[in-house]
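Order as written gives the chain letters A, B, C and D; numbering starts at 1 within each chain.
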Amino acid sequence: MTAPPAVSIKNLRIALPKGAERPFAVDGVSLDLRPGKIVCVVGESGSGKSMCAHALMGLLPDTVSVASGEIQFEGRDLLKLDDDGWRDLRGRRLAMIFQEPMTALNPLMRIGDQMAEMFEAHGLLTPRERRARALALAREVGLPDPERIVRAYPHQLSGGQRQRAMIAMALALEPAVLVADEPTTALDVTTQAQILKLIRNLQRNRNMAVMFITHDFGVVADIADQVVVLRHGKVVEEGPAATVFNAPQHDYTKALLAAVPSMDPPAREPLDDQARAVEVIGLDKTYVTSGGWFREDRRVDAARAVNFNILRGETLGLVGESGSGKSSVARLVMRLIEADRGTVRIGETDLTQLSGKALRAERHRIQMIFQDPFASLNPRRKIGHIIADGPIAAGLDPKVAFDRARDLLKMVGLDAGALERYPHEFSRRPAPAHRHCARARTRTRDHRRGRGRLRARRLRPGASLAAARRPQDAPRSLDAVHHPRSTRRRPDLRPHRGDAARRHRRAEADRAAVRRAGACLYARAAGGGAGTERARAGGVTIDRIELPNSGMVPKTCTRPEVKQIRSRRIFLTKISLPMSARSKSTPAFARAAPEAPQRM
Amino acid sequence: MLSFVAQRVLKGVIVLLAIVVLNFFLIRLAPGDPAVVMAGEAGASDQIFVKQLREKFGLDKPLPEQLFLYVKGVVTLDLGFSFRQQAPVAKLIGERLPATLLLTLTAFAISLMLGILFGTFAARFAGTFLDTAITVFALIFYAMPIFWVALMGILLFSVTMDWLPSFGYETVGANLTGFAHAVDVAKHLIMPAMTLGLFFMATYTRMTRASMLEVKRLDFVKTARAKGLSDAVIQRRHVLRNALLPVVTLAGVHSGTLIGGAVITETVFAWPGIGRLMYDALLQRDYNLLLGVFVICSAMVLIFNLITDLVYRLVDPRIEFAS
Amino acid sequence: MKQFWKSMLRSPSGVIGLIILVLAISVALFGPMLFPNSPWRMVQRPFLPPFTLSAVPLGTDALGRDVFAGMIFGARVSLLVGLVSTLVALIVGVPIGAMAGYFGGRVDDALMRFTEFFQTIPSFALAIVLVAILQPSIYSIVTSIALVSWPPVARLVRGEVLSLRTREYVQAAVVTGQSNTWIIMREILPNALSPVIVLASLMVATAILLESSLSFLGLGDPNLISWGYMVGAGRTVIRQAWWITVFPGVAILISVLGLNLIGEGLNDALNPRLSREGR
Amino acid sequence: QEPKTGGVINAVIQPEPPGLMLAMVQNGPVQMVSGNIFEGLLRYSPKLEPQPELAESWSVSEDAKTYTFKLRKGVTWHDGKPFTAADVLFSVEMLKQTHARARNNLAQVDKVEAPDDYTVVFTLKQPFGPFLGIFEVGSMPMVPKHLYDGTDWKTNPYNNAPVGTGPFMFKEWQKGSFIRLAKNPNYHEKGKPYLDEIYWQIIPDAAARSVAYETGKVDVLPGGSVENFDVPRLSKLKDTCVTGAGWEFFSPLAWLWLNNRQGPLADKRVRQAVMYAIDREFAKDVIWNGLGKVATGPSASTIKYYTDDVPKYPYDPAKAKALLKEAGYKGEKIRLLPLAYGETWQRWGEAVKQNLQDVGINIETIATDVAGGNQKIGDWDYDIAFTYLYQYGDPALGVGRNYVSSAIAKGQVFNNVEGYSNPEIDKLFADGAVATPDSKRKEIYEKAQKILVEDVPVAWMLELQFPTIMRCKVKNLITTGIGVNDGFKDAWLDK
């Protein structure tokens, strides 16, 4: 061992409240963080990663408590600190970057002020100097147009920019230790790469000790010096990154690694003879938001002349950077929003011409899985109902519908009891199914029926999308889609409760699985014997999935899992993407791509 | 933004006119004839007298014509003539409006300040005894009839302790000027404003509490803690500011209704405001005056709604001027 | 349902509130049976202080009527007015707010202007006018109070719906082809419930007091005794006989408190997140 | 004791008067305030004997058809202009159009003339017994001709700043707060008034008025300012004097209108049963705090030609039940309309309802506010309704109007609302008004009283008394039968 550890966690035990799935969230974890090194903590959802991190920052929720252990930092046991002691350390010596760039910033405060608060909290500098430092920091983390950005409000920034701002804040006082709890999970692939690089560089320059939490083995491969694998609150494996990757000891680690999809798309049968399931012709959509105080109306072209079709049995991948209009196109196809121009045809039916009852009747022919699995489940309805509602609305006998729902849940690996649970309760599942597992299940199921071919299409942020790519516009997409309440808040609204809920990320995978099951059940109920052709592309790569129907009705699901963008990158390099599109992508994208295969 | 305001104002005017028309019929549906009321008060009533009164007030004209004349008046900003008080309605309202605004705005400020203060405390100590105590305290003023609270206040502060005057807007006959006058008015204002304010406090307390608890759970609060900010700063700058948004909304709705809603407070404290004017007009079936007060109240509500909207949009940078 | 009661009974505020409400309601239902004498009957000398005669434990009022009997009989009217008018206000306000918020556009505009009409007239004055038009009776009073109390409900619900309808789970319901009614009823309203509950539990108090103000003005139902009536009637003699006002006043306070506690408990119980996890 | 000069009196006025121009508006509060600003030709002693005010002396002709008034000389309006006979003539003309009661009172006047500046002669069409009783300030205030002649009376600016000849001048009116009157330095009675200023404080809530008195903010609570229940408490306060005097001229009498037209009440026996069923002593003692008197019939005991030699209706539920049975009352619903004048009246309504229910009358109370109640009464849409009315000192002025069949007119209140129609009564009242001499009138009215009491067209309740509460240092406040409405010209403060 070279340098002495900056932080040394010894035998940490964190007790969960009564009635939790297990007595200890963290059960005897020991780990060291050394200056200049990045320790990656990996493990399935609910394994206690965040708990460790929060314990290190003294930010554990009120409901849990440290049962035993110690955290040594600069000769002190952090667990014995009083409030003032913590306040002094936090920010100055220990800093943290949070998972959600959208919600981790105060929406009512300017970015610069929030950065300056870092100094203020520790009584450093004059207000004017603080502003100057904030500007310098913004520049340092590579925020474009820093003068503007420090005066901007969080919602005016893109997710990546916000995360940069967070990082700037965390680094403001040159802390000795940086804790990063899944800092890139919510970001698109390009941004993620940039952020990772930034963290790495800053960490090296300042010789910081970093605890980096992630789910994503791609990320681990990218930056880890050391890897710690957690399971059920216990460390199951630990060691240098290369060792863990190349010679995993524990079965669990092996399983985790196995769950990472391989890069080679399988051979597909040609589909040329298949009929067109979906036909999209010349879709245009411009969002118009009227201006603010003396500002002009703002227009965002979310789709311009979008054309594509999907053959029966085919899966179409729609990819593009955040805010490029993927979700918008999906919503247009679904007729959740009205297109300015263009036609969507499902089989022979022109969906854009329908309305009211007729539209409702045709709805079942095309289905969607939403981007945010948590947001797309009604928190006040039981899973069973959520799944069965659609078929029942389409006239299926409720009993049959529930039986099918049970089957489907079984298919995605959830027990029948899940029918009776509410969405949020999936964070408490005895055997947490993290998203890798969920994905694997999906794939298994898909595989059984699987046949077909996969195409991907990059939605080009061409000239028509220029407006959307202006830095201040980009976050709109995140905000508008994930935070509809905050952007479209009316004065008569209460603050939105959904935000708090978003922290329940642990069970996201389950929820996604359930949502998907709902869509698929529906497909079967309506058309009989629907199947998905997903092959190995599995939840990894695809923004929208078509579920070809063995009968006649094609189904389309949309499932842009932003979190998997890193894998998507790999996928993209393998398929024959037109060069023009590739060159449009950001440099980080291009640079990172070739490394990936070696790591895996 | 300008077009937003213009649009809102235009809509407001249309709503106002609709309200005038509806009020016109509504009020006339109520049984009771102003001429008979006045004749009754005069201690005599004969046919000629009642007929004379009705002619004088234009009550003998067919309803649509009366309506037309009234609306015509309102459009030209003429609120008509009060039968009973023999004075232009606008003048009568004008005399009372300042007192009402003073009372209601003070009460409003008191209720907001106390409500937010107590709500903050309750949220801070949620689930503890203090929380319950605050809730009960706030509800006492909410659930107790205003006149009762007012009377208790008078007994305590005027009769027993002799600290504050029990009625009126200023000391009659004192002829104070300048600062002394202001102090005098303030003394008279304290009790009615408190009484009214304490009533509305309950709502704000509960709203603030709920909203604070909500915001407290949000991620950015954790960020703020991770910065090493002190608790006080976090509560004030991060939690409270965000939690206040829905309170502002509610306050906007209230500020308007407060104006006409102070009838009882104004009565008990003999505060020369619009609430009492309206109440008397209602009992006397002084149609024009009553309509006038209604129109003014409606206009106030609409104006306050607009102001809150604007304030809200200023406070919350995320809001766009969607129309 | 079992689940609901279980969690309701888990929260202490819910339990206390429930006890209070059950007590109040049983007094309202069964009290008059045990107390067959009319509360209007002059039974003793006027202004008899409480706790002096066991026959009239809470004393007598200005006419020598039994305050205790008044409390028992008054519970019926007051609770009826408070609960029913709040219920009616919800029945009117929630659908209007929901439709305005859900359909938006012109529907929203029309409904909100309509709401504004009721909202901008001072509610007390409007209630008086309405009662005067309809002739005072328990029905017209409940109707009028409901008519003046629904606009805030509508506005609140509209606000909530406006934000909820953009939620993905609502869109998920849309794409499965469910009807608008279903979506509003099942997907949106349950999630908009908690602020409405808070508002409603406060509204009950307002309704009871509004009835009191009306009867103070001579516009109450003169044939039925209510707490509000008693408080109003005792008001002028409060200096001589505090008990006439204080006892019914406390009854109102306790009921309101109980309802608010229930509101809190209900809120928790209906929220699956809170109900199963505790806090 | 010698009156002392100077000082300010704070009195309560309730409700706020709609205006102060007595010739245009005549409700109670207006009279109370304006009685200080305006004057009539005469005022009346507590025994209702005429006394000089603007008229120095008067004489009646032999045939009782010509009344000659000599006006006081040297009287000026508040603006300095002299008051002359021309003003009287103008006032008569104006009041006939704006003052309903004055018009009725003057109906018998054939012509009014002014032989010189200080003499006015009224010539009547026929003798009119109560004629000397119509010159009090509230019934016939003198209006300044020079300010009103030829103007639009309704919008005359002096309506808001009235000019009279009275002991006090209008100074200021803060709407909703107070009205200030100041001493008239040129008042025609030398040395009067004694007070420098009067503040009429507007306090709309009865309880708040009590408190204002208690805390020393007001010195005078004119009759009716506080709830009756509060009177005993207030009168026990230090330095507090209470008087029931000053209501002789008005003699307010409370009764229940009984709708004679329809239903069970069309039967005399049912109406009598109502009289027997109601415990009026209880009402007097409990609701009116022992003030006032149980009424015996249509005339208050304070006005002319009153007799108590009439059938009596003591509280006798048994008799009431018997009468009901005899009349064949079968529990038909009877609607009771209380008076929405505040708590006292509401309580009274409840007590009466209880009384009537106790004898088996099926009563349903109808609630309304004042305006709605007036409308119902005017439209004869009621069975029993509370009211109280002034009697103005003479049965011809304040009594007959409620019982003669010529006064049946739909849409109005205060006339013969009950629909009682009895040719004999019509004739008696017609004769009584014009009969001479006094003894003849007395005979007629006594007869009328007997018949009415037997018939019970309405159920007479109480002669009301509204006690005036004031600090004992306020002297000589009430000197006439008109009470506080007659102005404060004799009042002084014993400091």
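To be clear about the criterion, contacts are C-beta pairs under 8 Å (C-beta built on N, C-alpha and C of every residue); 3 or more make two chains touch, one makes a residue touch a chain.
The chain lineup, named per UniProt: A = Peptide/nickel transport system ATP-binding protein; B = ABC transporter permease; C = Peptide/nickel transport system permease protein.
Computed from a predicted structure; not experimentally measured.
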### Query
Which neighbours do subunit B and subunit D have in common?
C
## Note on the structure
Distance between the CA centroids of subunit A and subunit D (whole Å) is 85
### Query
At what distance in angstrom does the C-alpha mean of subunit C lie from that of subunit B?
22
### Query
Distance from the CA centroid of subunit C to that of subunit D, rounded to the nearest Å?
45
### Task
Send over the residues of subunit D in touch with two or more other chains.
207, 368-369, 372
## Note on the structure
Residues of subunit A that touch at least two other chains are 488-490, 492-494
### Message
Show the residues in subunit C shared as contacts by 2 or more other chains, in ascending order.
### Response
128, 132, 155, 159, 195, 235, 238-239
### Query
Among the chains present, which pairs are found to touch?
A-B, A-C, B-C, B-D, C-D
### Residue numbers on subunit B that touch subunit C, as the complex places them
11, 14-15, 18-19, 22-23, 26-27, 29-32, 127, 135-136, 139-140, 142-148, 151, 155, 202-203, 206, 210, 249, 253, 256-257, 259-261, 263-264, 275, 278-279, 282, 290, 294, 297-298, 301-302
### Summary
subunit D contacts subunit C in the complex at 206-207, 210, 227, 229-230, 233, 282, 286-287, 338, 340, 342-343, 346-347, 349-351, 353-354, 364-369, 372
### Query
Hey, which residues of subunit C end up touching subunit B in the complex?
113, 116-117, 119-125, 128-129, 132-133, 152, 155, 159, 195, 198, 202, 205, 209, 212-213, 216, 228, 231-232, 235, 238-239, 245, 249, 252-253, 256-257, 260, 279
### Task
Under the touch definition given earlier, write down the residues of subunit A that touch subunit B in their complex.
57, 59, 83, 86-92, 95-96, 98, 100, 103-109, 117-118, 120-122, 153, 155-156, 166, 169-170, 289-295, 298, 486-495, 497, 499-500, 502-503
## Note on the structure
So, in the complex, the side of subunit B touching subunit A is made of residues 1-4, 211, 214-215, 217-220, 222-231, 233, 237-238, 241-243, 245-246, 248-249, 252, 308-309, 312-323
